[in-house]
Each structure stands twice: as structure tokens, then as C-alpha cells.
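One structure follows; several queries about it will come next.
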């Protein structure tokens, strides 16, 4: 009965990509720790780039500088 | 001073239902562990069904199959 | 399929009290949102009082002052 | 490589204020524990006031009463 | 820069198994969303079975009944 | 009423350093968003280095290589 929370920036992940993350993490836990997929939760949180910081800056600022 | 985080899928929970969860959890912590309601936090996160997986599938896919 | 995380300070909650929290929260979600207990997760985290702050102080410091 | 999650109610925090939180927390961790800003994550979650409870009530209800 | 939190019950996962989870999730995020491993965090929390509930019961109680 | 969760690796942070984190984050939220310290929670989680991954490896492995 694992609970997996994946936080990523909100930058256009598609439903198919999120489905691939859910399927892949569930299979990984089954193969690695023999966890039952039926009671494996995967929750994906998408976070606005203003709300995610690394290196003391928001991702918004970093993206603007990178594409400046 | 408990902190309770309730994650549910975003499927139409009303303000009244969320208020009932907040009240019920706060009362439960007071009755069970004598925790002070004034410093009991309850945070409810509603998650899109594309972003919640169980059994290796998203809830969106499961709901579509169940109502197919 | 709710996921509920309850964070409390590590101050002697017994197995019975934690069982009561698990049972109570699960029942509350069933009664309030018709959630299936079989896929309702409740995870309790107990946190050392040095590691929990309120009012800018650790709970350890506050407890010492209260019982000083 | 700290991970810091700041949850606040969704009540109009500006991009500048959130940038100040990111910068301040990152600097605090560098000064206090010598953590490398380049691998310090700060994630800010803004929560609707219907979804945040304190004292057994939602913040929405409390705000309405305070400004009633 | 994803942050992944994996919560499992504390039931003997080895350092090698946890390393496999870290490596697998990091590779999955790289392959699925082109995320940079160097800024992908994976944090594994192991939870006592008294502190994890499903179906309104603790995992401790369920394990005892299953092996009773 | 902010809730702040700080996750760091378990590598010897002292009670004084954790107190400094609690005080600093609480002051930052007061100065930046005018949040009331009396209802600001700060919870610090210390994670074993086997249980924290970056770059697809556990911090234990990286520390051993760095000091090899």
C-alpha cells in the first residue's frame, strides 16, 4: 500500500505522460518491493513556476533568463 | 497542534462537505488525544483525476471504464 | 481513495489512540463523502518536539516554559 | 539538498512576495546549515480558504465572521 | 527538478531496494518528462505499521490477522 | 496560519540549528506576508541518507564517493 507523491512544475505534462508516470512508478514498486498495484496510490501535483524555487529564485525567473 | 492533510480526488466535494471534514477531524483529535482545536490545522487538497493513480491507472481512465 | 496524513508531536500517543484516529477518520470520510474504507489510507507521522515549531519556538522550549 | 514546502491560504500573495519567501528560506538554510542553494527546493502551495480549517472551521467562515 | 516522496510501511526494505526505487523513479522522470536527474529529489519515508491505516484498521492489526 | 515543512537529510542538525530554522522561517512569513507567528507551524523532517536520492543515487552513496 505505498503512497507516492510526485511534484513537478506546471509546464504542460500531458495526460498520457502522467499516465506513464503512474504506470511506471506502480510497476517499479511491484518489481522492487512486491507491492500490490491495487493498493498503490500515485498522486501528481503540478506547481506554478512562480511557486517553485531553486537556487533562491523562482523557476519563472530562471526560465525567463534562460530564454532571454 | 496537529496538522492534518486530506487528499481527495477533485470530484465535486461541496463547501459544506469540506466543512464537515474539518469539523469532524478536529473533534476526533480533541476527543482522542485532547488536542486543542484552536491550534489544529486541517488542509484539504483536491486532485484532478488525471493526476491520481491506483492500480497503475489514472482515476480518469478507471471512471471512464466503470461508466463505459 | 482518500489519503490522509496526520502529523502530531511525538508525545506518547498509544497504539490504541492511533487506531482510534485511523478508524475515526476513515468512518468520517465514508459518512461525509461516501469514500470506500478499503481504499482510504491514513498515515500518522509523529514528530520530535525539537522539530515542531509554533510562535517561532520549538515545542520543546514551550513545554519547558509551561512546566518550568 | 533541502526540500521546503510552504502552505498558505490563497489570499493574494504576489509573485514578488513568493520570490521573497523563496530567497529568504534558501538563504536561511545556507546560513544555518550551510546548505547549497543550487540544490535547495522551495515549493509554495496556495490553498483555497474553503479547504483550510482551524478551530474546526474553514478560513472562509472565519474571515466572513471577522469582517461580518 | 521533480520532488518525489515515496511512503511505505517500515517492513524491512533494504538499502539496495531503496537505491533501486531512487534510480528507477529518477530514470522514469527523465524518460517520461525529460527531467534532469541532477535536480530530481526522491525521498522515501518508512512508516511504522501502527501508524498506517487502511480499511479503518492499522496495518499491524491486519498483518496479525493475516498471519493469525 | 502557514504550515511549513522542511525536509533535510539526517546529518547532525543540532537543536539550536533547528530552533534557528523555526525562528527564521516564522519571522520571514511575518515580515513577507504579515502572518501571525502564533498560528505558524514549522515541522522539520530529518531523513536517513539511504532514503534520500539525487541524481539517481542515494545520499549515502554520494557521501561515500565524495569522501572515498
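As written, the chain order gives the labels A, B, C, D, E and F, with residue 1 at the start of each chain.
The criterion applied here is as follows: a residue touches a chain if its C-beta (ideal position, glycine included) is under 8 Å from a C-beta of that chain, and two chains touch if they have at least 3 such contacts.
These are the chains along with the protein names UniProt gives them: A, B, C, D, E, F = Tautomerase.
Small disclaimer: the values here were computed from a predicted structure and weren't measured.
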Among all the other chains, which ones are in touch with both chain D and chain E?
A, F
Please flag the chain sitting at the greatest distance from chain C, going by CA centroids.
A
Would you kindly state whether over half or under half of the residue numbers at the chain C/chain E interface are used by both copies, giving same or different?
different
Looking at CA centres, what chain is most distant from chain E?
D
When contact pairs are matched by residue number, over half of those of E-F recur among D-E, A-C or B-D in B-D
Please tell me the distance, in whole Å, between the geometric centres of chain B and chain C computed from their C-alpha atoms.
15
CA centre of chain A versus CA centre of chain D: separation in Å?
20
Where chain D touches two or more other chains, by residue
1, 3, 7, 21, 25, 39, 41, 43, 45, 52, 54
Dump the list of chain pairs that touch, please.
A-B, A-C, A-D, A-E, B-C, B-D, B-F, C-E, C-F, D-E, D-F, E-F
Chain D contact footprint on chain B (complex, rising order):
15, 18-19, 21-23, 25-27, 37-46
Of chain D, residues touching chain E in the complex
1, 3, 39, 41, 43
What residues of chain D sit close enough to touch chain F in their complex?
1-9, 13, 17, 20-21, 24-25, 28-29, 32-33, 35, 39, 52, 54, 59
Mind pulling up the chain D residues that touch chain B in the complex?
7, 45, 47, 50-58, 60-61
